[in-house]
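Input: structures, listed below.
Below are two complexes that have chain A in common, paired first with chain B and then with chain C.
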Partner chain A sequence: MTTITHPAPPTVIEETPSGAVGRRVPRHDALLQVTGRVVYGDDMHAAGMLWARAVRSPHPHARIAEVDLLPALSSPGVRAIITGRDVPRNRYGFTHQDQPVLAEDCVRHVGEAVAVVAAETLRQAEEAAARVMVRYEPLPAVFDPLEAMRTDAPRLHQDTNVAEHIRIREGDVEAGFAQADAIVEEEFTTGFVEHAHLEPHAGLAIPSPDGAITIYSSVQRPFLVAGDTAKVLAMSQNRVRLIATGVGGGFGGKNEMTFEPWIALLALRTRRPVKIVFTREEEFQATTVRHPYRMRYRTGVRADGTLLARAVEIISDCGAYVSWGASTLAKASIHAAGPYAIPHVKIDGYLVYTNNPVGGAMRGFGVPQVGFAYECHTDAVAEAVTMDPIAFRLRNALRDGGHLPTGQVLERVTLAETLRQALEMAEWRREGRAS
Partner chain B sequence: MPSEVSFTLNGERVTTAVEADESLAWVLRERLGLLGTKIGCGTGDCGACTILLDGHPVCSCLLLAVKAQGRAVVTIEGLGAPGQLHPVQQAFMEHGALQCGFCGPGLLVSAAALLARDAHPSEEAVREAIAGNLCRCTGYAKIVEAILAASKDAVGEQSR
Partner chain C sequence: MRRRGRGVAWMAYPIGFTSYANPSAAFVKVNQDGSAVVWTGAADVGQGSTTALAQIAADALGIPLDRITMVTSDTLQTPMDLGSVASRVTYIAGNAIMRACAQARQILLEVAADELGIGPEGLECRDGWIMARDLPERRVPLADIARKAETGKGRPPIGAGSYNPPTTFLDPETGHGKPYNAYVYATQIAEVEVDTETGQVEVLRLTAVHDCGRAINPLLVEGQIQGGMAMGMGYALSEEMVVQDGRVLNTTFADYLVPTAMDVPPMDVGLAEVPDPTGPFGAKGVGEPSLLPTAPAIVNAIYDAVGVRLHELPVTAERVLAALRAQSPARQPGRHS
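Now for the complex of A and B:
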C-alpha cells in the first residue's frame, strides 16, 4: 500500500495580516526574471528535435484546389509534412465548432495554415514550406461586417454570416423613449488590436514510446488547450500532457489552441521531438486580435437628468472563425448599458463573419469597446440636458441592490463612492457647476 | 558555408562554428546555449535581444555573428548572478519592474550600459536609454523608477 502524504496546507492566509499586505513583495520568480533564467516556450529544447514551419494562405478567401507535397518532401532535411487530412477530427471551437486545425477545402483569412513541415533545421523547414505547392482558386471576400450582413455578401460558413445574435430586453424601450425630454443618438467604432506579446507563440512536443505525447507550450489556458488537442487528435485526454512554460506576455492572445496538434502529430509521426516558434508576421496575421466593434447608442433622458431608455446595437467583426467571439460579445452585451440604472433597455449584439483575422480574447473581453462607447455617450447625454457630467453620473449610478438589464442583482456597488474619491484625489473642479 | 568566430563572451573567450548569415542572437541561444537573450521580433524593433558589444547596447538579432569576431559581448548571464546581482537587477526585483519578464534581459542590459557611462542619469536620459526596449506589460513607470533607484544606490556606494 502506498501512503501519499500531503504537504502542510499553505500558511499564507495566517501570515497575511502581518506579512504581505502593505509591503512590497517581490514576485516569486523575480530572481529568475532578472537573471534571464525563466524558461519560456522558445527556450525549450530536446535532443534530436525537429523544427516545424507552417505553410500559410496568401489569400483572404479561396478554395484549395490542390496541395502538392512532393517537391517539399524531397527538400533537404524534411522528415514529415501534415495537412488537414492528417488531423483525425479537423474541427474545433468553444461555442461554435467552426475552425479547422489545418484548412482543407477552403481558406478564410490571410495567414490561415494549410500544411506544416518538420525538418532537421529551422532553415530547412522554411525552405521546404516554400516548396509546398498549393493551388488556390480565389473566392470573393468580405472585410466589412455591415457588408457581410447583407444577403448578397460572400458567405464564409453557412447561409448567413451572422454567427450569433445576442438579445437583452428590459422594460419597454419604446415607451421609455416616448417619455423622454431628449434623445441622443451616436455611433462609435473601435479597431483591431494585436496583443503583440513580446514572446511569440512557441512550443515543443515530445512523443512517448507508447504513443502518448507531452507538449510544452506558452499558453494561458493549459487545460483547455490539452482538452482541445486531445479532441482533434482523437486521443484520450490522459495521453495528451500539456505543460505551460513561462508565458512571455499573453493578454488573452495565448488563450486557445494554435500549433499544439500540429507539433503533436509531427512528433508522433517522426518519433522525434518537434519545436515551433511563430514569426512576428505570423503573430499579426494568423493569431487572434481584439474584435473591432461598431456600436450604435440611443438614449432617452428626462430634463432633470434621469435616464429612461437606452437601445444599443453592437456589431462585432469576428473574422473568419468564432473562437472567443460569442463569449466576448455576450460579456460586452451584458455591460453595454453601462453602470447606470435605466428602466428600459434593449441590447442587440451581432457577431459577424468576415475574411479578417480571427478575433479572440483580449484584456477586458469586449468590455473596453463598450466602455469606451457608453462613457463617451454619457457625456453627450449629460450635455443634452445641460448637466455636469459628474453630477449626471452620480445621479444615475447603480447602487447596492441595483441590477443589470439581465436581471443580475448587484451587491457592494461602490461606483458613486469611487467616483467621489477619484474627484477628490484629482482635485476636480468645475466652475459654476455643482458636482 | 560554415565558418568560425571567436569573441569574448561574459569575460570568457569562446570559439564556435557559425553559418555566414546567422545572427548573434541565434548563435548565443542555439549554438552556445545562453537562453537569457530573447528573440521577440527578429527585426530590431522590440529590443528583447539587446546585448552589449564592447559596452554598447546592440540588437543581437540584427548583428551577424561573424561580426562579433574579436569583440567583447556581454549578455544578461554576464550582468550578475544570484548572490552578486548588478544594482539594476536588484532594483528591478524590488520595484516590481517586470511582469512577464520577457523584455527584462534586454532592458537590464540597456540600463546597465546607461549607468556605466552616466552614474547619475536624469529621468529623461533613462527613458532615452530604454527607448529601444519594448515592454508590453508594465507601462514603463516601474522600470524607470527601478533604474533611477539603481543609480541612487550606486551613488550611495560611491560616497561611502
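Now for the complex of A and C:
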C-alpha cells in the first residue's frame, strides 16, 4: 500500500543562506511530477480491490417508483449494491441540507446517482449498473431560472424555488439615479462551465478489520469530506480517515463529498477495498459546474464621470441542489458593484433551483461572473460620458479607506498601482490601437 | 478583415471564506539535528502550496528549506484545515504555521538564552543558527540547541498553532458587515485580433499585474497567474456546456474546448507586492484572482477592435459575427484610435 506522505523538498533546491521567503523555489514535487511518480486518485490500487460504478438518472425530474436490484445482483462479479436506503443519514449540504447521498424518492437532475454497484472488475460493475432496474415516473421539470421563479413553476424542494435572496444596500439608490446625468443599463449572461480538471474524481476506500475506514481521494478539502462522510454514515470521525492523494486539478470541483460515502459503505459491507473513478461524462453531467448568472446592471453617472448609483440584479441558476450556491452568490453580490466608490448601491441576488446540473464552487466563486459584467459595464459607462476607460477607472476607483457596499473598509488598495504597471508592461500608449 | 484591439479590466478580491469561520491549524517539531517536520491539513492541489508553506516554516524557524519535511492532508495525522479553496492556503494555513513555529522557536530561544547569556527576546533563529540580534557573531548552531532542549532540558521544541481570520456575518437586510480580513488587487490587459468575416477572436497577448501581498514564491505565483489567465481565456471565448432540458450535450474535451498550449498567447506577469501586516511574512493569495480580470479584458478588447459590445459568455465566433452583423454600418470601431 502506498502511503501518501509528501516528501521533503528535493535536494535540487539550492542552499538558503538568506532565507526561503521570496525565493523562486521549484515546487517540492516538481521532479516527481515530471517523472510521472506522483500518486493520483486513479493510481491507487489495493490487493483484492473491487470497482464501483454509479447508476444515474436519465431524467431531469422524476419520482422513483421502484428500484429492482435482483437482475443486477445476479450479474457476474457483483459483490454488493447500495441505494439511498443503505445510507444512515441520507442528507447533507453546507448551508442547506437539501442533498441526498443517493436519491431515494425523487431525482432532480440528469445524472443524479440512485445506486452504486461494486464488482470484481470495472467492466462487471458497468454491466451490473446497467441491469439495476429503476422505474421512474417523470415529473414536470424546469430549466429556466426565470420560469422557475414563477409561482406556477414545478417545484424542486419546498414551496418556492428561490433558495436564497441576498440584499446589499448602501445609500439611496433612487436618489442617486435622480442626480445622474446619464444612466446606462446592460444585461449580461454567463453559461455553464465545467472545471475540466484533467484528473477526474477518483479514490479508493480500504476497510479495517475493526470497522474503521480509510479513504484515499483526490480532494481539495479532506477534512470537510471526511467530516461529511462520517456524518452521513453515522460513524465516529476518528474512524473515518481521509488521505488526499495527488490532486490533478480541482478548481473548486473537488470541494465537496461525492463518492466517498459510497465506496466506504461498499468497502465496509464487502470487507474489500473499493475503487471508483468517474468518467468524463460523469464529470460534465453529474458533478458540480460554475453557476450560470443573468445580471442586470443599471448605473447612474455624472457628466464629469463620477459614479453616483448602481443597481444590480443577479439571478443564479443553482441547479437541483444548493451545494455552494448560496455562498457563491453571497461572494458575487458583495463584489457585484466592482472596486469602485459608489455612494448609492442596491444589489439583489437570487439563487434559484432548476433541474439543471448542480452549480458548485469554481475558482472565483461567483465573482468571475460579476467581474465580467462590472468591468465590461465600466467601459460602457465610460463611453456614455465620453471618457477614456482608464481615466474613468482611476477617477472612480476605491482608495485606501474607501469601502465596499458592505461597509467593509479597504486598506493598502493597489488598484492604481497594478494598473500603472500593467499599462507600462503592455506598452500602452493613448494614441493608438496596435493595428 | 482582421482588426486589433486592447482592453483593460481590474478587480478586488478577498482571501478566505465569506463570514464563516475558516481556520487552519498546524503542528511542528524540531528534531535533535535541527531539521523540522510540519503537519498541515492543507492539500496541495497542484498550485504548489506545500512548497510555499515549507518556505514560511523555514524562515519562521530559521531552518534551511531543505531540512523541512511537510506532512499534509491526512485527517488522522494532520490537524484540521478548511481546505485548498477561497485563495486561502498561503494566508490562513501560512499564519497557522507561523504560530506553531513561534511556539517551537520560543523553546529554542529560551534554551539558547542560557547558553549565550542573552535573554530570548534578544535572540533570533536564522539559517540554522541561533544568534544575538545585535551581535550576529554571538551564535550557536540551532541543532545544538535543539538537541540540548530535548535531551538536556527535557523540553522538546514543538508547537501547535491555528489561525482564523476575524470576520462578521452580513446583516440580512442591508448586507453590511466585514466578511473578510484581507483583499488583493490586480489589473489585466488583453490584446486581441478579430476576424470580421468569421467572428474568430485570437488573443495576441495578455498582461497581468497582481498584488498578492508579499510573494512567498514568485515562481509559483506567476504559475498560478498564467494558469488562471488560460482559464479566464476559456471562460471568455470557448468553454460552454451545451445544456438542453437538463442534459449536457458536450461531455468530452473534443467538443468542450479548454484552451491548450496552441491557444495560449504570450503572457507577461508582474507583481506589485505590498506586504500585508496580517499575512505570514506579508503574504496574501493569488489562486482565484488570477482568472478574474481576464474575460472582461478580452471582451473589452473585442469592443476596442470592432466596436461591438458582447454581453454573453463565452464570446464564441458565432456570437461575435452575429453582433457584427447587427452593428449599424455607420459605427466606427475603436475607442483608442
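Note that in this section the second predicted complex is superposed on the first by the 406 of 435 C-alpha atoms of A that agree within 3 Å, B and C clash if a C-alpha of one lies under 4 Å from a C-alpha of the other, contacts with A are read in each partner's own complex, and residues count from 1 in each chain.
Throughout what follows, a contact is a pair of C-beta atoms (placed from the backbone, for glycine too) under 8 Å apart; a residue touches a chain by one contact, two chains touch by 3 or more.
The structure presented is a predicted model; accordingly, all values stated were derived computationally and were not measured.
Colleague: Identify the partner contact of A:35: answer first if only chain B is touched, second if only chain C is, both if each is, neither if none is.
Modeller: First partner only.
Colleague: Return first, second, both or neither, reflecting whether A:27 touches chain B, chain C, both chains, or no partner chain.
Modeller: both
Colleague: Does the superposition put A:249 against chain B (first), chain C (second), both, or neither?
Modeller: Both chain B and chain C are touched by A:249.
Colleague: Check the residue A:418 against both partner chains and state whether it touches chain B (first), chain C (second), both, or neither.
Modeller: So A:418 only meets chain C here.
Colleague: For A:399, decide between first (touching chain B), second (touching chain C), both and neither.
Modeller: neither
Colleague: Pick one for A:357: touches chain B only (first), chain C only (second), both, or neither.
Modeller: In the superposition, A:357 contacts chain C only.
Colleague: So, A:89: does it touch chain B (first), chain C (second), both, or neither?
Modeller: In the superposition, A:89 touches no partner, neither chain B nor chain C.
Colleague: In the superposed arrangement, which partner chain does A:196 touch: chain B (first), chain C (second), both, or neither?
Modeller: both
Colleague: Once the shared chain is lined up, is A:280 touching chain B (first), chain C (second), both, or neither of them?
Modeller: both
Colleague: Mind telling me which of the two, chain B or chain C, contacts the most residues of chain A?
Modeller: C
Colleague: Which chain A residues lie in the overlap of the chain B contact set and the chain C contact set?
Modeller: Residues 24, 26-27, 29, 196, 247-251, 280 of chain A touch both chain B and chain C.
Colleague: Using the touch definition up top, name the residues of chain B that touch chain A in the complex.
Modeller: Interface residues on chain B, with respect to chain A: 35-43, 45-46, 48, 75-77, 79-82, 85, 89-90, 92-96, 98, 100-105, 108, 134-137.
Colleague: So in the complex, which bits of chain A are touching chain B?
Modeller: 24, 26-27, 29-40, 42-43, 195-200, 246-251, 279-280
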